[in-house]
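Heads up, the next two complexes both have subunit A, just with different partners, subunit B and then subunit C.
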Partner chain A sequence: MRRLLRYDDGLWGTFWIAGMGVLLAWDLAFLNAPAFARLVEALANTLFGATLAVLFTLLFGWAAGVGGYLFEQHKRRLPSLALSYFMNLIRSIPQMIGILGGYIVLTILIEREILQSQLVQLLWMSFTISVFTFPELADVIRERIEYYRRSDFFDAMLCSGVRESRIINFDILWKNSIAHIAQKLVSTFAMAIFLQCSIDFIISVGLSTDVSLTNFPVTLGGMLATMDSKQDILAISMLFEEIGYWPNLLFRHLQGVSAAFSLVFTLVCMYRVSNGLIRRHNL
Partner chain B sequence: METYAFDIDVKKDGRTLVDIGDFRLRKNTVTFLFGESGIGKSIAAKAMFGLLDPQDLDATVNAEPYADYVAKPRTVRFQQNGCFVFQEPSSHLNPLLRLEEQLTEGSLARAKTGGEVVRSLWKDSDAAAIRQILEVFPKPYRPSGGEKQRILCAMAFMKMDMLPEGPPAEDALFVFDEPTGSLDNTYRDVVLEMMFERFRRSRCTIVMITHDYSMISVVTGRYPEMLDSVVFEELTLGRGGLQLAEFAPRTYTGWVEEQRKSRQGGGRREEREPVLRIESGLQAFGRTLHFSREPGGRTHCALELFPESISYLKGASGMGKTTVVKMAIGLLRGTHFRGLLGSVPLTERTPREYYARHVWGKRMTMVFQHADEALNLRSTVHEVLSGLPTTRTLEKERIQREVRALFGESADGAFLDRKVGTLSGGQKQRLNLLRGLLLETDVLILDEPLNGLDFASMRGVLHRLEGKIRRGSAILVISHNEEIFDAWVAPENVYYLSGGPAGVSPLA
Partner chain C sequence: MKRWVIDHLASVALVLVAFAVLFAITRKEETPATSQQRELIAPYLSLKALDAADPLHRALLTETFSVFYPDSPERADTLLRALDANREEQFTTLALKTGVESPGLTWAKAARLAPMYLNFLLVYVIVLALTYYGAHTAGVYRFVRMKQRRDPPLREFRRRLSSALADRSGRGRAKQLLSALPHLGAALLKGVAYALLFAPSYVIAYSFKTNIETDSYLVMVLLAVISNGLLVSYANKFTTLLVHESRKGYVETAMVKNLHSSYAWNRPEGISVSAVLSFRKRFPSHVFGHVYSNAHFQYIRTVKEQAAFVVTGLVIIEMALNIQNHLCYELLQTVLYKDYAVAAAIIFAIFLAVKGTEIGVDGWFRHEAKKYDYPVDGQ
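Up next, the complex of A and B:
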């Protein structure tokens, strides 16, 4: 435990878990049961969705980074060009617009009753986010491979008969780049939460007459977009007029404040964890 | 004889870097300090000279806090009267001062012999060439490693020249940490000659840290009259920490003599087909490279490696020996490369896939010269060996047996799980070699295989190589340990590399 808390990343990670634990305990005690159930579901969906986005990003980023290198090394011009064209195309689309496009497709699929399962909808949402976040990880992976490719250890292992795939995947990426990848994935986790909630907020006005937020799995962003939560958030501004109003935020406006706090607290902590990793490993 | 006695304990983040209880240094003597790379020779020497960073390390000398030791009058005198020549010359030189300015900086400004010292250390260069070197900044010109080492030695010799002649100099300590690592034997001998010349005059205290055991032959052969003032010592890492023991010169010189008598794998070359043949005239980095059988040879030949034999490729530093072997093994593309691996022709157009499928780890392998760079420092010892094609199906026990044979009985299961980065330099080098030795290839190329090894490890490695030769391998060695390999390799298997600008025949 002492070792974990010695570094900023461990400290802030622990702080985030503890903070969320305290929040849930408080909500369990003071938030009404249906609202608490909704908050827990939203939190679970948000974190699960972000985790899925991280996993997809890892999968696509690793495949694109390693694949791009191997295509180029083995002079496979066509796949190399296709991959580079596809990645540049994704980079040229603003993330928010691209993800919104994915949500529009999701809306159409829900309207046509093709996608009804909430789990599959979450998978789709995470997949959409990861399509626009994986190029950054692919770049990191490619950079790491290129860096080590020029080193003696790469050549020394090659001429010892060690398979190139093992050198890249195990020796370079797993053994020497895991901190770089972890840092990028922590950022992706935070970015996925932020993008998901931003999109949920945008689509709270509705993407079609038949499909609205109520058709999507509930997330923290979706919760914030409801009227109750909006009023809770607006109640914060009461503090400017009457500072003694603050205890009400912890009891009467708990749903919106909890959703907003979870979001902001998670983003701040993840930012700190990511910075901690950079400092600890001199990235 | 009077001695300086040190009890040195250096830790970093709770991890012991050096722990030596009885480090005795004879005053007014030249001590040659041998020992495996990375066991703490440099740290111990820096500690006694007062050069460690107390902020970075937790150090005590003679049970005193390090800051107190550094402030002691004797330590101050060490620094005022003496000099420390760093192993990595870049860390000694100021990148923002021209080399000439650095030779006249601080107390060196009072030295009167700068010009003479520099001329002696560049005896093959004319005045214009020397001026060119002295007028540059260490960066971005980047003098070669050898040039930088000579500059540092010049500083130390100038400081020695400032000592009064006659009675032995009191507390004048000169530490040379691997001062000849980047120099060829000619300049190594020049450095030794200049050092002894000054020692005779001032009788200061000199510590020469080195892995080059052939210095013993040079000293015993050329300076017999100095042997009363010379000590050879070896630092070894035992269970109780570092131990310093006297190293009898005969141990080394006698062993070299034995090697000469039982030369490896020469003769009978006409009866066999070479397993690898590389034609002269290959080109890389704007140079044409040629092989010959005599130094500076004007008759070119092909380099041929035969089964059950060891060949030795010699050449001046920077000539391109590593380039040649990297071209042979397909890691580097030059031009005019013509080779024959068994009956398979190799050229610069041979695809990389061919090497990956049929050559690397199967017919040829190469051990790189810097173990630190050739190994994945974050892997464990077991992981380094478990990826090899021959060990893929082998159990941990077999790997452990092989490791024990080269590392000794102390290399238990826990040793296999140790991170490479935590090994000493000598252990890394042995692991680097073991990776090549485990492979059953026809050709094994070794680039500076004895780098950083102590005498016992060196013998162990050569013993393993003998076994490899007996099992039919052809070995090609590049090494600056000329005395050892000249003794070990049959003269008909020694090749010399020469070169000149591409497109110009050296015979022209």
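Up next, the complex of A and C:
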């Protein structure tokens, strides 16, 4: 435990778990049961969706990073050009616009009753988010391969008969770059939460009359968009007029305040974990 | 024309073609289906006695169909679905509403959207410039604080608290505790600042909604700069670049050559606050000047990524806060009313803004690279 808390990443990771634990315990005690169940579901969906987005990002980022390098090394000009062109194009599309496009497709699929399962809907959302987050990981992977490619050990291993794919995937990426990849994935996790909650909040304005928050998997963003939660958040501004109003936020306005707190607290903690990894491993 | 410009223009052309193809497909798909549906329901719409929303009427219609058409039991369901779709259309289709323009991209609509686009561009440029300045300034400030080896307020508070607890005399303990309190205050303030910087813009806006006008340009710019983690993320990136640069060998060489290397504030051999705050930061005769120049050069390409994130922030603000008569709110409305031609045009216009920034940034990077004889694209 002491070893875990010695570094900022471990400290903030533990702080996040403890903070969320305290929040849930408080909500269990003071928030009404239906709202509590909804909050837990929203939190679980948000974290699950973000984890899926991280997994997709890892898959696509790894494939694009290694694939891009191998295409270039083996003089496969067409696939190499196509891949870099595609990645540059994705970089030029603001994430929110791209994800909004993904959601439009999702609403059409729901309207046509092609996509009904909430799990598949979450998978779709995470996939869409990962399309706009993987280029950063692919860049890191590419940079790591290029860095080690210049060192002697790469050629030495090739001469010893070790396959190039093994050197790249195992010796370079797995054994020597895991901290870089982990740091990027933590940032991706935070980014996925932010994007998913934001798009869900926006959808409350309405993308379709058939598809609404009632038939999308609820996330923290969707929960914040409900009228009750909006009222709760609005109540925060009461503090500017009457500072003594703050205890009400912890009891009467708990639903919205809890949703907003879990979102902001998670984002801050993930930022600190990612920063801690940079500092600990001198990335 | 240079190759990198052609590359950018080619991707603009590709997106334009993709949108045109998509637009053509959706138009082709929509027309026959809609006209077929209208033909099917036309005789039933004229029946004044039939209310398709009434469950009794629906049941009666299903039963009547099953008597008249026993061989095709799905016929009643198809008709009811078409009637439902028609009813929904009355509410959602822009063309069927009174006092609004017909769907599709017309010159009148383009003329209405043009000022919104110009406003969007203006806000975008201001926010991009402010976050660029903010990221550099905050990045330099954090780096200098790091070099000064100052503990963060919470660690300082913990240190003073433990020394207060270790102090045996009551007076000394009280004095130590008192000296620890400002650090606790600073730590709390820092926590609130972090929460504000990382909070999505809609959380901040709703928290202040009764006190501020969220649709004013000033508030929009302010929200876009401070919220969504934009400023803090890019400040952090710049600090990381500064730290990387400061570890390079030339820094020690510069120190041997007697360049100033103190990081104390406002000392002749240190770092002046005014230099940190100015837009064009210069640190003459200080080793940090070189560290800053090199980090700044490496940061230039990050501006492309930053530009895309600025747009993301603006889209969230305009859509989530329902800021009417703004481009992204219009985009959401066009999507809601399935006016995909206009939606595609707005998205393409936003894409052009980002592409324009990318071309500008690449040109700037090449200009700076020439100064340092830095090879670009293997040249």
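Quick notes on this structure:
Everything that follows uses one rule, which is that the second predicted complex is superposed on the first by the 283 of 283 C-alpha atoms of A that agree within 3 Å, B and C clash if a C-alpha of one lies under 4 Å from a C-alpha of the other, contacts with A are read in each partner's own complex, and residues count from 1 in each chain.
Convention: a residue touches a chain if its C-beta (ideal position, glycine included) is under 8 Å from a C-beta of that chain, and two chains touch if they have at least 3 such contacts.
A quick note: this is a predicted structure, and the numbers were derived from the prediction, not measured.
Of the two partner chains placed around the shared chain by superposition, subunit B is the only one that A:E164 touches, whereas subunit C remains out of contact. In the superposition on chain A, A:G19 contacts neither subunit B nor subunit C. When the shared chain is aligned, no partner comes close enough to touch A:G102: not subunit B, not subunit C. By the touch criterion defined above, A:S151 reaches subunit B but does not reach subunit C. By the touch criterion stated above, A:A260 is placed in contact with subunit C alone, subunit B being left untouched.
Which of subunit B and subunit C touches more residues of subunit A: that partner is C.
Contact residues on subunit A toward subunit B in their complex (touch as defined above): 73-74, 151-153, 155-164, 166-167, 170-171, 175-176. Subunit B contributes residues 326, 329-331, 352-353, 355-356, 360-362, 364-368, 370, 373-376, 378-379, 383, 387-390, 432, 435-436, 439 to its touches with subunit A in the complex. Subunit C contributes residues 7, 11, 14-15, 88, 91-92, 194-195, 198-200, 202-203, 206-211, 228-229, 232-233, 236, 240, 304-305, 308-309, 311-312, 315-316, 319-320, 322, 331-332, 335-336, 347, 350-351, 354-355, 358 to its touches with subunit A in the complex. Contact residues of subunit A toward subunit C in the complex are 85, 88-89, 91-97, 100-101, 104, 190, 194-195, 197-198, 201-202, 205-210, 221, 224, 230, 233-234, 236-238, 240, 260, 263-265, 267-268, 271, 275, 278, 283.
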